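Think of it as A, B and C in the order they're written, each chain with its own count starting at 1.
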Amino acid sequence: MELDAKIPEGPIAEKWDQHRFEMKLVNPANKRKHEVIVVGSGLAGASAAASMAELGYDVKCFCFQDSPRRAHSIAAQGGINAAKNYQNDGDSVFRLFYDTVKGGDFRSREANVHRLAQVSVNIIDQCVAQGVPFAREYGGLLSNRSFGGAQVSRTFYARGQTGQQLLLGAYQALQRQIGAGKVKMVPRSELLEIVIIEGAARGIVVRDLVTGEISSHCADAVCLATGGYANVFYLSTNAMNSNVTATYRAYKKGAFFANPCYTQIHPTCIPVSGDHQSKLTLMSESLRNDGRVWVPKNAGDTRPPDRIPESERDYYLERKYPSFGNLVPRDIASRNAKEVCDAGHSVVPGGHGVYLDFADAIGRLGQKTIEERYGNLFEMYERITGDNPYRTPMKIYPAPHYTMGGLWVDYNLMSTIPGLHVLGEANFSDHGANRLGASALMQGLADGYFVIPYTIGHYLATSKLEKVDTGHAAFRDAEREVREKTDRLLEIRGRRTVDDFHRELGRIMWNNCGMSRNKAGLEKALEEIPRLREEFWKDVRVLGASESINQSLEKAGRVADFLEFGEILCHDALDREESCGAHFREEHQTEEGEALRHDEDYTYVSAWEYKGVGNAPALHKEHLEFENVHLATRSYK
Amino acid sequence: MKLKLHIWRQTSQDAPGAFADYELDDVSPDMSFLEMLDVLNERLILDEQEPVVFDNDCREGICGACGMVINGHPHGPQKLTTTCQLHMRKFRDGDELWIEPWRAKAFPVLRDLMVDRSALDRIIEVGGYVSVNTGGVPDANAIPIGKGVADLSMDAAACIGCGACVAACPNASASLFTAAKITHLGVLPQGEIERNTRVQEMVAQMDEEAFGHCTNHGECDAACPKGISVDFIARMNRDFVRGVTREPITR
Amino acid sequence: MRRVLTLYSTTIGKKVVMAVTGILLVGFVLGHMIGNLKLYLPAHDGMAAIDHYGEGLRSFGAPFLAHGQFLWIARSVLILAVGLHIWSAISLKVRSNAARPIAYKRVAYEDSTLASRTMIWGGVLLLAFIVFHLLHFTTGTITPGFDFEHGAVFANVTGGFSNVGVAIFYIVAMVALAMHLYHGVWSMLQTLGANHPRYNSWRKKLALAIAIIVAVANISFPVAVLTGLVG
């Protein structure tokens, strides 16, 4: 199958405007006749559902949480980028575009990224109009900070709770439409199947997580905004219930999964404290603006930090990357932490932690300023670890955080299944091989507020969709499959818990397909995963019934999908014989240990097609053209 | 450390509930409270018993999904801390813990420690927003907002909607939750336009949802993991009287 | 059916009624206390100071008002205020009881006070006290141990408080009143939205001051009579 990204013609800066003009419109009177399903209520889902309902579409929105306000977008701390150039420091749409393509290590689609940079300015306007209380200067204008390696201040923030505030803005817009009767919200329900009729996505099958009822819902188009898959690693900064099920079921129905190996490891998380660890907590990257990362120069030095003199400390990021120092991109910061810890310089028992020290910043700016900037983060750190970071350095270690890969979509955010649109982290489109800090919120909202409301209209206006209802055989079949799978999980009654399997899968993935990867490790993982999966289907223990609240059953379904999906991730990592962005193949590095790209062979998007459980997926390539950004080796020295 | 747990078990909304007793032996002080329950659940499953059901998601104290009353304290004894962020080092070896769901008529128990808090969404639904559609809005810097006002708004907007205020209130009132949203939007110029009507809609809905009323005990403020102040309730009351007298609504 | 949302149809509206009637009642309590303090002033013109005061209340507003009219106007307003206060309290209490059908096994209070949690019971006690007080000193219906004489305030007070049981009941009632005022005054300001960062910290102090002043002054009367300081 030929992948057509449907990138509009014309100069990069005019593509989106031109495309908006060329897209077909749906007659306002007809919009209410079109039903659209949105799955997920995070930044992308909520903003899409609200915006489409405002336009007049008949929207049904699903989420597995008890309220749309709880989607995991809420946990983003740092901020949201926008090319407003309010600080007069040389920012522009083109610079944000350029930085994002470069930050993605030249593995993203130029046209999408440029559009993202263009609409970034509208997002801030929209959010302020909704009452999002962004930080402000004394003069009353919006405050910005520099974030995650950017050399301009373009990040808007609301204390350390930017994701929360943006999500509440979108949630409130969504609630308004629910109140107006334009959106039917279905919380506590989980997508378990996507229904394709005559080649187009026409609905979904969900399980009501309270009653266990399996029900079908049909529509003219389906939008998945179901987030990323970092929980394939078991321990990640994602919420406990974040999962790959929706996108994976779409993949099994024919949607291509693109670039699954691009998984971002966040450099500043709280280290693992023991076997009981259920998730990892991220400390905002903004901390690196004022904190200095270091380890003892001597391996195995177990002295407390205040007993290690300056001369015996290794500020390894400042040493290796003098111009960016502690603000190098996430992948570089993460890999360097792993490197020093593997060399025995870890500052925590277990061998996985480095210091993030604020002593200098407190000395320079005073504790009050630091408190204003990071007060809530410091409190959170103290609550979790019992250490006070004003007095003793924080201990941090990288953890899986965000997944750039996702379902392949064209410029209109439509997957390879007509009518199935994919938004936010669930798609692959904008971040390439690595995502810049404060860009996830931007992308989620760009897709939801400013892209899908246009492109969905074009799809509906140009498609001939027959009237179908949930009585259609395809829905009956899908429901039956869902029931069978659920029953199977309950009938096994084996010896191991779902979490036990998930933990083991996580270990396999983290050890072999984590921060750095090699052929032997990936091949080993590809042997171990099917074995574990087989054992899962023989030996998992899920108690209770399907007709009531059953959290083990929910988890089991998700882990079953992760156990298949993990393989795709490894296949992709194995295929990509280069290091780029967050994907680091040990075989491909410079003499100094930096990532080495192979642009002649790998300037493409890997889109994988399902070929049956346990079979290697088929690779389709979307070649990436770089007409506006010169392919360069990233250097943060 | 060792713990004796009494956990509320209830199989469904209509079923009667009761406390079940459990003992845990090696609880690490580094565990979060929910990780302690994870350990219990793993053990229960291996013992062929159904695990304890409780809402949780981000485990970072921001999504607002988790929440249980621990020895009478919503979210447990540590101030400004959600259940997921509460760590076992706050307890002592041999402690006896009574773990109950949020109790309020407006929050029916769905199972064990999981309750239905959709009443809070319905309060937002009737007016907890600024009525702007996507697009067509002015430049973000077109209306300067004083830092003090922006900070006050943010203080109120920090609410995570967990419902601990309702759980803590002797009257099971949702006044703090409602007042926080009314303040977040009402103090901003963007939200000022609908200030009079918003407060009336939201208060009327709050009353319809079978929450109790506020008698100014201040328990909500003490239990709130985000430190939302009862001062916002005073502001809501003032706004309400102002709204009713200036721009009465029909409902 | 859509209808105009009235102040009184909502819980906040009922609270506002409680607060406004509360202001009237607090004003009355303070006024009454100041009047009572005349007990300590020396007699003149052959009459106790407090008896002059009593007569003054009856003739207040003359010649516009007839003798005793002011008192009846004041009494009507107070009875109305008490009635509304009680009616709101009961209807809110009924609601609050319904709002938590299953009680917690363990309850740990943080910021609430004994005063705030006993408002309704303190209120019931105060109502009983008011009824007794009226029968005792206003109508002279119940007069254990003394002969009630209309208008002879000083004699009635000293006679009335010479009964130890009655004096103790008054003292207990005044402690209850103090607690009711301590939470009530603060709560009233909160309900009316009288808050501002600059004087918020004073609200509880003001409530405490009013509660203590009223309690100390009013308790001093039976104590003064019993110890022979007055009489």
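Keep in mind that, in the parts below, a residue touches a chain if its C-beta (ideal position, glycine included) is under 8 Å from a C-beta of that chain, and two chains touch if they have at least 3 such contacts.
Everything numeric in this text was worked out from a predicted model, so none of it was measured.
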By C-alpha centroid distance to the whole-protein centroid, which chain wins?
-> B
Farthest chain relative to subunit B (centres taken as mean CA coordinates) = C
Subunit B to subunit C, mean C-alpha position gap in Å, rounds to 37
Subunit A and subunit B have mean C-alpha positions lying a whole-number Å distance apart equal to 27
Distance between the centres, which are taken as Cα means, of subunit C and subunit A, whole angstrom = 63
Partner subunit A, residues of subunit B touching it in the complex = 11-12, 28, 30-32, 34-36, 38-39, 42, 45-46, 48-51, 53, 55-65, 78, 80-81, 85-87, 89, 110-111, 114, 116-118, 120-121, 124-126, 128-135, 137-141, 143-147, 150-151, 153-154, 157-158, 160-161, 184-185, 188, 190-191
What part of subunit A is in contact with subunit B in the complex they form?
-> 47, 50-51, 54, 65-72, 74-75, 84, 86, 122, 124-131, 133-142, 158-159, 161, 163-165, 168, 171-173, 175-176, 178-179, 185, 187, 210, 237, 239-241, 273-274, 276-279, 281-282, 379-380, 383-384, 386, 449-450, 453, 495, 497, 499-500, 541, 543-544, 548-549, 551-552
Subunit C contact footprint on subunit B (complex, rising order) | 6, 19, 69, 71-73, 77, 98, 100, 103-106, 168, 170-173, 200, 203-204, 206-207, 210-219, 221-223, 230-231, 233-241, 244, 248-251
What residues on subunit C touch subunit B, complex-wise?
-> 2-7, 10-16, 92, 95-96, 98-113, 116-117, 119, 183, 186-187, 189-195, 197, 200
